[in-house]
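Everything on this sheet refers to the single structure shown next.
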Amino acid sequence: MRKTGNMLTHRMKIRVIYGDTDNMGFAYHANYFRWFEAARTEMFRAWGLPYTRIEEKGFFLPVSEAHCKFTSPVKYDDLLEIETTLDRSVKAGMKFDYNVYVNNHDSIVANGYTIHPCLNSENKVVRPPSFLQEIIKKNTEPE
Amino acid sequence: MRKTGNMLTHRMKIRVIYGDTDNMGFAYHANYFRWFEAARTEMFRAWGLPYTRIEEKGFFLPVSEAHCKFTSPVKYDDLLEIETTLDRSVKAGMKFDYNVYVNNHDSIVANGYTIHPCLNSENKVVRPPSFLQEIIKKNTEPE
Amino acid sequence: MRKTGNMLTHRMKIRVIYGDTDNMGFAYHANYFRWFEAARTEMFRAWGLPYTRIEEKGFFLPVSEAHCKFTSPVKYDDLLEIETTLDRSVKAGMKFDYNVYVNNHDSIVANGYTIHPCLNSENKVVRPPSFLQEIIKKNTEPE
Amino acid sequence: MRKTGNMLTHRMKIRVIYGDTDNMGFAYHANYFRWFEAARTEMFRAWGLPYTRIEEKGFFLPVSEAHCKFTSPVKYDDLLEIETTLDRSVKAGMKFDYNVYVNNHDSIVANGYTIHPCLNSENKVVRPPSFLQEIIKKNTEPE
């Protein structure tokens, strides 16, 4: 996990399996959104706040918007690195940006984002609870 | 839906999409189990008992065992027909057999089965409830 | 298939299966992109030009960008209707817009788009070939 | 990787994501077959023979049969361990057995197998090539 300014960045490696690929010989586009989920989950865990803990406290962060641009295709057995960044300018819920790298190259092969409202246990949209805001602050403030 | 002896058979068509295929140019094996689910669900609906109704009454039929033999590969855009048969010899839960046909040919390209215990709302294994047994009986007895 | 102005609209029904849902009890967001694929494929078929035919002629329409907004969640066994519209203002490749309806209600529960460059068999970006442009024109011009 | 008798065993950890779960709150059964694929692929890599290398040499190991028994359900964010064992008694192709463990407990929550014929580049069933047999022998013989 790296802090750049007030940005919070996390990296996770994911291997492309046969089940992720399609007929054209490349990874199927919908699977990138699964990888984004895996990556932001590990970011929460790296913060010391597994997403399961958030749910246990009665808050949920479903996906309300998802976007991805696929610049270069990735293939079976490629080793991806998903770089997740919390966009701290979004206050009402959470927004994560993702860059996808492949096989340790520097160029980005895909980039996207997901937006998440914060829901309470009655399914009402609420501000992110203070325990969540604090952990974000703690992880993004310069030490 | 056809009745053959005390067998109950249902057929459902499914189109292979790009997202189902893999790098070899064929449908990825795990997806057949998704198709089996779609097929047995439509069989329940054809009986006049959508699976959602069973759950509303507090019973669940999770998959405890799944098997498939893949005889011939299927390709992108192939039109599959899943033939589902209830194996009435299984009394403790439910067992469904599946044959997969492709593009209106007679030969079977895959065949498998799934086994389902019947759980009540406390997650205890129970005998299939009488409303379920009756609908099976009604749909399998000669008219 | 409906023509509205120079828009071309196609509707396809899809049933949400257990395998599409997640832990929150709703359809998992990545699966909408699979449904979008199924829907645009059936639009091509409705035009009289199955996508397999385009590939046989040496042209490919991979996804270079995908977006979806999820307004209301959909549940297991919901019957979705995916309304696909070709955005004819995009000339360099193809762009499809999607609206998702559920259980015959009028409100849109999700909407998104996908963008597709046209590649030739050497993986070069090209203008959509004339046979493709003609079939689009034929299907969008007022009769 | 452990050698037990003439058995070859490999273990790989996999995290259950939201996209793997379903409406019942557990991992959807079809996904276990994706995990089996990931696990046997890492076993090949641990042998020093990535599966991509086998394909580059013109041999393919598609799945001709897949089976799984689901003893206990697994949940979102569970950390699975997939134990893969090559069944050396099968000579015509390859057979892998899988045991699934969860969150470092000793009990097996699922077990299954996959069978793979060996195909050459003309899609003919052949004996596993000598380079593959040798690497298996090298990895299974007592040192």
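To keep things simple, chains are lettered A, B, C and D as they appear, and every chain counts its residues starting from 1.
Going forward, a contact is a pair of C-beta atoms (placed from the backbone, for glycine too) under 8 Å apart; a residue touches a chain by one contact, two chains touch by 3 or more.
Please read these numbers as outputs of a predicted model, since none were measured by experiment.
Trainee: Could you tell me which chain lies farthest from chain D when each chain's centre is the average position of its Cα atoms?
Mentor: Centroid comparison gives C as the farthest chain from chain D.
Trainee: Interface check for copies chain B and chain C. Shared numbers divided by all numbers used: above half gives same, below half gives different; which is it?
Mentor: same
Trainee: List the centre-to-centre spacing of chain A and chain B in whole Å, with centres computed as mean CA coordinates.
Mentor: Each chain's C-alpha centroid was found; their separation is 36 Å.
Trainee: Measuring from the mean C-alpha position of chain A to the mean C-alpha position of chain D, what distance in angstrom results?
Mentor: About 28 Å separates the centre of chain A from that of chain D.
Trainee: Between chain A and chain C, what is the separation of their C-alpha centroids in Å?
Mentor: Averaging C-alpha atoms per chain gives centres 26 Å apart.
Trainee: Which residue numbers or ranges of chain A touch two or more of the other chains?
Mentor: Residues 18-19, 24, 30, 33-34, 37, 76 of chain A touch two or more partner chains.
Trainee: Sort the chain contact graph into one of these: line, ring, star, complete or other.
Mentor: Contact pattern: complete, every chain touching every other.
Trainee: Hey, which residues of chain A end up touching chain B in the complex?
Mentor: Interface residues on chain A, with respect to chain B: 18-19, 21-25, 28, 30, 75-76.
Trainee: In the complex formed with chain A, which residues of chain C make contact?
Mentor: 24, 26, 29-31, 33-34, 37, 60, 62-71, 73
Trainee: Which residues of chain D touch chain A in the complex?
Mentor: Residues in contact with chain A: 15, 17-19, 33-34, 37-38, 41, 50-52, 76-77.
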